[in-house]
Structures are given as C-alpha cells and as structure tokens.
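Below are two complexes that have subunit A in common, paired first with subunit B and then with subunit C.
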Partner chain A sequence: MEKSKKKAREPWSQNDKIFLGILIPVLLLFFCFNTLPLIKGFYYGLTNFRGYGSYDFVGLRNFIDLFSDVRVGKSYLFTFKYAIVMTILVNLISLILALGLNRNIKGKNALRGIYFVPNILGGLVVGYIFSFVFTYILPAVGDMTGIGFLQNSMLASTKTAWIAIVIVGAWQGIAMNTIIYISGLQTVPEEVYEACMLDGASGWKKFSKITFPLIMPFFTINLVLCMKNALMVFDQIMSLTKGGPSQSTESISYLIYKNGMDGGQFGFQSANAFVFFIVIVVISFLQMKFLGGKEEQL
Partner chain B sequence: MTKKRRCTAIFLVVATTMSLLFSGCSNKKNKDGKVVIELVQYKPEAVDVFEALEEKFNATHDDIELVIDSPNDAMTILKTRFIREDNPDIIGIGGDINYSNFLDAEMLMDVSDFDGLSDIKENYLSTNKDLEYVPMDGVYAVPYMANAAGILYNRDMFEEHNWSIPTTWDEFLQLCEDIEAEGIQPLYFGFKDTWTCLAPWNAIAVNLCPSDIAYQVNSGNAKFSDVYEEVAVKERVLLDYAQPNPVAYGYNDACTAFARGESAMYVIGSYAISQIKSVNPDMNIDSFVFPASNNADENILNSGNDLMFCIMEDCEYKEEAYEVLRFLLEDENVQFYLDDQSAVPCKKGDFTLASELDGMNDYIVNGIVADYQDHHYPSEMSVDAMIQTYLLDNSSNALDTFLARFDKEWERYNRDIIAKVQEYQEKEE
Partner chain C sequence: MENKEKEIKEKNVAAAAAENDNAAENDKATENNNVNEPVELTEVAEGANTVAVVLNKNPETIPYRKTKKSQGVVGSKTVNRIINILLVIGCLTIFFPLYMTIIIAFKKPSEMTNDVAGALAFPEKWNFDNFAEAMRVTDFWHSLGNSILLTGVTVIICILLHSLAGYLIGRKMSKHKVFKASYFYIVSGMFVPFAVLMMPLVKQTAQLGIANRIGVIVLYVVFFMPMNIMLYTGYLKNIPMALEEAACVDGATAWQTYWKIIFPNMKPMHATVAVLTAMSTWNDVMTPLVIMSGTDQNTLPLAQLNFQSQFGTNYNLAFASYLLALLPILIFYIICQKQIINGVVNGAVK
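Presenting the complex of A and B:
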C-alpha cells in the first residue's frame, strides 16, 4: 500500500527490487498451489468428472445439488456443531491452563512441555489409540464399576460418537492454544497488575478488566485458528469412526475426500470444496472483524 | 539491459515452477533398454505372492522388466494417479463398480484378441459383461481370481457339538438357536467397518434377487424396494444371534473374535480367511453357502471377480503386457496364488482348492454362482452406511424408511447412468 503513495513511473529503488525479488517467487508459489487448484476445482465443479477419463459439462447442476443433498446438509450441520463446541471448549480449557501455567509454580516448564505433547503426535495415531480406549477399555471400566453409560462403546452410538470425537480433538487442540495464551499472558506488563492491585482489584475483576482485554489479540487468533481447524476436522474422523455410525459423524472434509477420491464424485465434491472454502473465508473474516474491533492497546 | 535481465529472471522462475508441475512424464524403458511393465494390484494381503511372482518373471524374461505394486488403499492411489495422468500399464482390480466406471470413462483396452481368454471360465467373463452400464463390444478384463462369500464356520466346534450344515433359512435359524442354547455366540459382526454390513446383505440378496436388478432399475422396469424388503428383514434377524452392540467392533475385531472361538460362525467372504488364520494359524475353518431361501435348490453361491487384470488404454506395449498376463495365468502360478490366498481360480482346469472352501466346492465346480449385488452400487452412495443406519434404527418404520431412501438415493447417484441406459435403449428400439 505504501508504494502507491509514490509518484508513478519513478524507477524502482534497490530496496524495492529486493522486496520484489522475495515477493514474486512466493506469489507464484501461492498462485500455483492455492489459487490455481481453486480455479481448477471450480472448473471441475461444473462437470460430472469422476477424477479420470472422459467427462461432460453439466453447468451449475452440482452447485444446485449441493443445496438439496441431504448428506451434504447433514455433514455441514455436524461440522458446525463440532466446530462450535470445540472452539468454546478448547479456548475455555486452554485459557484456564495457561493462567495456571503462567503462575510461579514448581516444575512449570516441565508441565508446559507435557501439556504440549499431544500436539506433536499425529492425529491418526492418537485417533487409533483412543479408538481402542473407547471400544475396549472404557466399556471394561463401565462393566467393573457398573456405570451404565460407559458400558457401551461411545463410538457405537449416534448420540455419543460426536462427543468422543470432540474429546479427542480437544485433547489435541488444547496444547497449541495453551502455548499461544501463555505467550499472550507474558506480554502483559507487571506494572499494570501492580496498578490494579493498588486500585483494589483482584480475582475475577482483575482477570475480566485487565488480563483478558490485554490478551484479546491472542483470543482472536486462537478463536480463528481453532474454528478453522475444527471446521477442517479429518484425522479424528478417519481414525475413530470413518463417518459412522449411521453417517452421523461425516465432516465436510471427510465427505469431500471419501466421495471425491474414493467414490466417483470428483466434480460434485469439487463444487462442495469450493463452497466450503468460501464459507471458511467468510467465517474467518467475520471473526477477525468482530473481535479485532474489541482489541485494546496499551 | 536491466529490463532484459528482469524478464529473464521472471521467465526462469516461471519455467522452474512449470517444470515442477509437469514432471512425472517419463518414458517406459529402463536403462538396459528393457520394456518396463508396471502392474498395480489392489490386494495388499497378496503382496508376498506378487513379490515372488515378480521375481520369478524377471528371472525368466530378458526383454521385459515387470514391476508390481501392491499398495494399501490401492483404489484411491490408482484414482489419484489417474488424475495426474500417470497411468500404470496393467491394473489388477476387482469386478466392481470401479471397473464399470473405468470402462465407462474409456480407460481400458479391448483385450478380445488375448489368447488366454479361452482358458477362462465363461461365467466369470459374463459377470464382467453385467458390469457394463450399457452393453459394449469387446472384452476389457481378464478374470484371475474369484472369491466366494457365505458363512465361515468353526469346523472343530461343529463336529464337537454334532451340528449339521443348514440348507434352508428355517434350518439356519434353528441352528443359531441350538448354538445359543449351548452358551456359544452363533455370529459375530464387525459393523463398525461399514463395508462388512454388505457381507450378509450380498449373501442373502444373491439368493432372493435377480442378478441384473441394477440394470432393470436403470431401465425403469423395476424398483429396489420390491426386491430388497426380504433381504433387509432377514439381515436384521441375524442381529438377534450376534454379540451385543455389533457396531462397536470393526472387521479386525470380528476376525479375531471368530479366530479365537468366540463365535461359531462368521458371515463373510473367503477373503477373510487369511486374516483369520493370521490370528489362529491352526484353526479348522470350513464354509457353506448362505441358505437365505427356504427352498434348498434355490440357493446360489455368492461369488464374484476378486482380482482381474485390465490393460490401460494408453499402454504402449500391448504384446509385453500380454506376456505378463500369460505368465500370471500359467497353472503353476495360479496354484501358487490359490495356496496362499484361499481364492477360487477363474481359469479352467484342475486346481486344488483350499480346504476352507470344501462346503462351497459343489457350487464352484458346477458354476452355481452369481455376482455380488454391491458390485453395482456406486461407492459414493454408501449403501453400506445406509444398511448400518437401518440396522441401528429401532423405530417401527425403519424398514420403510430404508427402502424409500434406497430408491430415492439410487436415482440421485445414478442420474447420468440412468440417462445413458435409457438413451441406449431408445436407440435399440
């Protein structure tokens, strides 16, 4: 934006050239691996392409079908339910964890390390381990203790399967958000706390009036990241339920992969992916705009 | 000068990126000048067999190098390669909807001039004809191995309790009652892996429904809800004799449970035998045809092409590819495969079948077989998940909901094919 203020036609300075030299390859890469696939996806969305061989153009039929397809509708509902619950749960727990880990407690650094471990593990590995826990260990515990709702595998019922996925997703997702909150808490200067102590604020008031407003930018970024990750949920579904039972846990990404690659709906699912991309962009944009306005600067 | 240099720089960047995108095209000869034939087959459980065959082939052929790939989830990998237009020469796939789609997309070569075709059993060749959306000229696949689905049972357990093999539906239910009375679990299901819901479904449907029902429906002459009602009812009855909460367990769990003697029978195909034996190598397994009908003579063995070879349309070395197929079809190599995989050969001749298939032998030898119904279902329609949904649905109108949904979704997912079939028929008239 700065450049437009300069007079037009002025030759590029040495600095500009360096910036351009850095920018252009990145821009090209971004175009090749992001924009081009998007345009191609839209193009395939207009066809009945199976992913291979010959195909015909079908106009906007795929896009119209998207809005009447029960399975796509259900997958959107599930994904949003999952994303909203995940975002609330993950942010709440990781904020509490971060507040705790930011105190001067013994073994603080070791604890921070341990809480971060789930994030390093691959989603599929974690999923398969939890799948075993849900199928065999929890029901065994349920049988031993006589707790009724544990006796059946959580993954086998349409009512509880999504909760199991939330548990696994949250277990993994909390780590990253906690780290971001901790770094946020460390940007709040000591003086502010001292000042508020002099004013007699403590406890909840201190948190809600001082700490939280000051880490608002981190809250925004966490909310956007968490929401985006949850909307794209895939690994957990793949390893825990494969969209079952009764197709009750099919997320949008899973459906796109499953029917686009495995089934012969490459064209239709390309249309789905294109629409989904727009939905995510809109949501992220709204979140940034809404929350960005509430950020405080010292 | 600077402008020129800038242009060159931009050109170089673009060229590098483009070459990154379009790499992957390579000619198919190796450095010794041998023709490389690449075969991708979709049965990862047979990887050892194919590795041995590959070695044997390369040791005996000087001018061809055979490369066999047996990846996990091969269908997805194959389709991804097709999207990249990086096709292998030969693909080893099952006779299912994917074959219909590849054929419809004009990906496969007509191999009707292949001399080995005369050695293949006719019923397996005609099974492939049924998979064509609209009848086509030519032969596009060489059936290699078939599988057979029905009920596997624990032979030792049956002998110990003197249970006999049922030939009608009523006898089968009685047998389940008898087994249960002895305190043994009659059946075990792994319905968490939705595709296993199709194993009983296919085995029952093959007895009760016409084999060309999909074509009939696509032509507008029949409805699935009319023929599938009995199938759906009978599959639900099976749940009464299975472990509680069968959707909690997957295919591996079910195979393991059956191998450990936790159930007396397992409704699945012969393809599960190697998996079961990997848990319990000494297990004495036998099988019988699913007696879905109350008239014993009506029972048909559920058997379809489990592995067949197709040559891709763009393969440059047809003769060399034929040579590979001839090699694979040599009696010795077919028997080698059979011994390892408990499969059913599609080639005519005297082969020793695995003892696990004793109970189905008559049907195999006499050709009383029909293809899996699900080979005609589009995979994106997820009939397996629909059946799972139906089995989990405890409301009183579950059956009607399921059948109505089946009819409706069939039309939705087969729109292009129905149009194609009806256009073809109008042309014929």
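Presenting the complex of A and C:
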C-alpha cells in the first residue's frame, strides 16, 4: 500500500474504498435511528397529531403556542432551576470531597470506593428508596425533634418537592463528579505543591491560584456533564413525584413523555422536544466556548 | 437550606444507626487515637515530606523534635485526621439509604411502627419471605434475564461495531474529507437527548415491527455510538500505523488486519466502552419503558416501576424488591470496582 504525504485531493485507493464501503452501513444505521427521528420529530411538530388516527398540518402553530403554554413554561422553569442548583451544589460538594479524598488519609481507597457507590445504582430505585425517607423517616424525625418544616413530607408541598429531587439527584451526581475531580487532582504533580510551599502559599491561596487553574479542564467536564444530566432529569421525577404536586416538578423530559405518549399531545410535544433539542445544543456550545478558553497548561 | 437538611440527616443517621455502623466508626476513631504515638514518626515522614525532611536535616532540631514539629507537621496531620473523620461520617449518607433498604426488606408489615427507631431497628427475625414474594410478584428472574440480555448483547455489539467504525474513521480521517465529515456527523449525535427522539422512535420501531427487545438493543447501539466512536478514534492514535503496514506486507487483507491486529490492541478501550455502555444500559428506564411497553417483557428497573404502581403500599415487599434490583450491580461493583471506576473516568476525561 502506497501512502503519499499529500492530504487534499488524494486519489481513492482500493483500501479507502473498502473502508468507506464498511462505514456506509454504519452511517445509515445511525441516520435511521438518530437523524431521521429528529427530522420526523420536527415534522410531527408541524401537525396536530394525537399519537393515533389522522392529522392535519397546522404550520408553526405548535411552536408559537409553546411560548404561551403555562405548563410548558413551568416545566422549563423547573428544569433550569433544578439544573442550575444541581450543577452548583454537586460541583461544590464533589470538589470539597475530592480535595479531602486526595489527601494522605487512612482508608483512602476504601473511602473512594464507597463514595462512588451511588453512581452505579439506578436512579429509579434510588428514587423509590428516598421517597420513603421523605414521606416517613423525615416527618417522623420532625415529630420527634419538633422541627417544624420537617413534619410534613417534603414531597407533598409545591415549595419543597423540588428540593427533595435535588437531594436525590445530588446524592447520585456527586459520586461521579468526585471521581473525575480526584483524577484531575492526581494530574497535578507533587513538585508544584512543593514549589508552592517554598513560596509560602497555602490554604485558599494555594487552591485558587495553583490547584484550581490546573484542574480547570476537569471542572469543564464536570460542569458540562452535570448540566447535561440535570437538564434531562427523568428517573428521579418518575419515582419521587411523578411531576406533582400540582405539576410543580415536571421536567421537560417528563412532560414530553407524559403528554406526548399518553396525553394526546403527540404533535405539540414533538414541537416541544425539538425546541428542547435546540436549547441543549445552544447551552452545550455556550459552555464549551465560555469554559474552553480558560484552561491553564503546565 | 440544603446544608441544614444534610446536617440533620447526618445527625439523624448517627443517632439511628448507633448500634451498628456507628459503633464500628467509633472503634476506628479510638483506634486512631491509640495508634497516635507510634505512627507519628512514619506519618511525619510520609505526610509532609518536605517539611519533615528539611527539619530532619538540621541536627539541632532533633532534641526539640516534639515541640518544633508540632508547629508545621502536626498541624497538617490533625487536619488530615479531622478530614478523615469527616469523610467517614459522610459515608453514612451513602450507607443510610442502603441500610434502611436492607432493614425494611427483612421486616414484616406489622413490625413497621411510625417512629424512626421502629422503622430502622433490626427486624425480629431475618426471614426471606419478602424476597420470595417479591421475586414472584415482579417475575424477578425473567426481568433479570432481560436486563442481562439487553446489557450483554448491547455491550458486545457496541464493542464490535463501534470499534470497527472508530477504526475506519480514525485511520482515514486525515486523508479524505468524507471520513472527517462522518466523524463530526456521528459525534454531534451526542447533543441529541433520548427524550427528543422518543416519540418518533416509538412510531418508527412500531412500524418496523421491532417495538421489543431487539428495537431497544438497536436504539442503544445507535445511542452510544457518538461517544464510543469518539473514544475509539481517540485511542487509535496510540496504535502505530507500522503494525498495519507490516500485516499488509505479509499479505493480510484489511479485514483480517483489523480483527487480528487492531482489535486486540484496543483492549483497554474495549474495557472502558464496556463499562460505560453497560452501566448506562443496565440502569436505563426510559428506552425500555417507551419501546417495550406493548410487550409483557420487563427489565429490572421497569419491573420496579410496574410493581410500584400495583403494590406500592406494602413497603416491606417493595424494599425487598428494590434490594433485589440493586444487588446484581452492587455485587458486580464489589468484584470489579477498579475497572468500573477506571472506565468511567477514562470515558469522561477523554
């Protein structure tokens, strides 16, 4: 096989053709189950399809109605509130945990292993277990200790139900982010800290000027991952509140599932899903653009 | 707000689980204190390398070791110890829900009282009736079989197909624009959440007659393709071209070269892909929920969902069922903890 160094306008060798020939079915498969449904989703968004029977084109009406629909608006508000609180909380706690777990402490490996456990458990079952904690254990604790706000189930009030979902989401999310931060902290060479010590920097200064800039790439990863997972929250909603009380905890994914699949809003929720897709793309690009330039290299 | 609740939860946990978990932790803590003296020297040497070395090199400091060292070194050591204790206490937030699940799963409904102590105390008798009943009601073995089948087949296809596609793209990306475009086309699929594609996919799989386990596997294979191809293409840079060229000289075809030379060489990445794919597949609810809803097949999480809507009020039975659902992955984690953590970290970082 001959290989020339030129990159552009190279002739297709036999080998290249074989490669492309094998790749095309894979691309087709991907197109059929990823791009095609996306296009179809947009198409359904232009109709008043209820999921069954016949339907008519309604133009962009669904897309316009989205912006005045209270329930959709509420679900976006809830999802963003949840995602932002989750991202901040999870990153803060997991960074602190990672700093602790990266020190010279006893049983370091065992502790790391234990802190990772929530990540491997399924969100649905974890949600069911926590649902019991919120409905029985915490109110019982509230009664016993006389702490007022614990006495009623957190899941029953529109004001606190979302906090319960954040707690469960964070319980699981922290595990993943901590491990990523630890692997980030391990990339910082010991000499940097030694130099740091000689210069007399310690504590907060050491962290903010040395450690944090060096683990910036990992911070970016965690931010993007955490935000993405939080925006798509579904399992926890399904098991903890089912969108209640009074639709205060309906995430976008959950609303699409509920009204699109069972609620006869197939067309309308398809439009919603397409807008949701655009929102995710925009957020991901913004995050990468905003954070990508801030990394420090050793 | 958040912190307060956590604190309260922790206190609550500490109080409630005093008999068992905490006793062990206390033992550990006292042990730490007892070991204090003998460990000091070695810990000094290990813990705060530089300071200790600097101090030791100065002969004058030896008689005053205790007082002098207590300045810089013991300081960081106490900090370490405090952090250690805090981290161990923090573990209770992990253990508490699991502990509660186990305890409730073994109890009878009559043993459940309304106060915390009643709910969290050990059962009178450790009996497995709840588990037997839960297995029967949720058709446990069948669901477990389905979960294993879906996860296993998905992982195998992903490794075979995605590594091949990653190889095809990775090797020709710099040569032809078509491959580069394919790469970006597939990888950009990462931005498409399943919820967005869900409704059209339900229609599509129904029309194709694969609204069953086969359809779910196909969807998984497509859904994990962007990330896996990115991982494989990235890893390919570690495998020198010389390997393939040598094989080519020996008269091997491209197909043979791939399966005999490249595929075995990508082993570390296979492990990462397997772990990531398996974890997401095993715990996924949404895909089987919407695609397989017409069949009477269940996966392990799906069985919990159906069970919850039918028998949700019998908490003892429910928790036995949850525990059964969590056990396989927990056991798997305990056995291959290192590989799982490595896989997850590799996947996220690369």
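In the analysis below, the second predicted complex is superposed on the first by the 270 of 298 C-alpha atoms of A that agree within 3 Å, B and C clash if a C-alpha of one lies under 4 Å from a C-alpha of the other, contacts with A are read in each partner's own complex, and residues count from 1 in each chain.
Quick note on the criterion: a contact is a pair of C-beta atoms (placed from the backbone, for glycine too) under 8 Å apart; a residue touches a chain by one contact, two chains touch by 3 or more.
Just so it is clear, the model here is predicted, and its values are computed rather than measured.
Output check: A:192 vs subunit B and subunit C. Expected answer is one of first, second, both, neither. What do you get?
neither
By the touch definition at the top of the document, which applies to A:104: first (subunit B), second (subunit C), both, or neither?
second
Is A:179 touching anything from subunit B or subunit C once the two structures are fitted on A? First, second, both or neither.
Second partner only.
Applying the document's definition of touch, where does A:53 land relative to subunit B and subunit C: first, second, both, or neither?
A:53 contacts subunit B only, not subunit C.
Now for A:279: first (subunit B), second (subunit C), both, or neither, which partner does it touch?
Once the two structures are laid over each other on A, A:279 reaches no partner at all.
Check the residue A:29 against both partner chains and state whether it touches subunit B (first), subunit C (second), both, or neither.
both
Looking at A:129 after the superposition, I want to know if it touches subunit B, subunit C, both of them or none. Which is it: first, second, both, neither?
Touch partner of A:129: subunit C, not subunit B.
Decide which partner touches more residues of subunit A, taking subunit B and subunit C as the two options.
C
Touch test for A:259: subunit B only (first), subunit C only (second), both, or neither?
The first partner, subunit B, only.
For A:244, select first, second, both or neither according to whether it touches subunit B, subunit C, the two together, or no partner.
In the superposition, A:244 touches subunit B alone.
Do any residues of subunit A touch both subunit B and subunit C, and if so, which are they?
On subunit A, the overlap between the subunit B and subunit C contacts is residues 29, 32, 51, 261, 266.
Where on subunit A does subunit B make contact in their complex?
Residues 21, 24-25, 28-29, 32, 48, 50-56, 69, 71, 135, 139, 152-153, 155-156, 158, 241-247, 258-259, 261-266.
Provide the residue numbers of subunit A that touch subunit C in the complex, in ascending order.
On the subunit A side, the touching residues are 1, 7, 10, 12, 15-16, 18-20, 22-23, 26-27, 29-30, 32-38, 40-41, 44, 51, 89, 97, 100-101, 103-107, 111-126, 128-130, 132-133, 136-138, 140-141, 143-144, 147, 150, 163, 166-167, 171, 176, 179-180, 183, 190, 194, 197-198, 218, 221, 225, 231-232, 234-235, 238-239, 252-253, 256-257, 260-261, 266, 269-270, 273-274, 276-277, 280-281, 284.
Please output the residues of subunit B touching subunit A within their complex, sorted ascending.
Residues 9-10, 13-14, 17, 21, 75-76, 79-80, 82-83, 97, 101-102, 104-107, 192-194, 245, 247-249, 253, 378-382, 385, 388-389, 392-393, 412, 416 of subunit B touch subunit A in their complex.
State the interface residues of subunit C toward subunit A in the complex, per the touch definition above.
So the residues of subunit C in touch with subunit A come to 1-2, 5, 8-9, 12, 32, 46-47, 49-51, 80, 83-84, 86-88, 90-91, 93-95, 97-98, 100-101, 104, 114-116, 119-120, 161, 164-165, 168-169, 171-172, 174-176, 178-179, 182, 185-186, 189, 191-204, 218-219, 221-223, 225, 245, 248, 254-255, 279, 282-283, 285-286, 290, 300-301, 304-305, 308, 315, 318-319, 322, 325-326, 329-330, 333, 337, 340-341, 344-345, 348-349.
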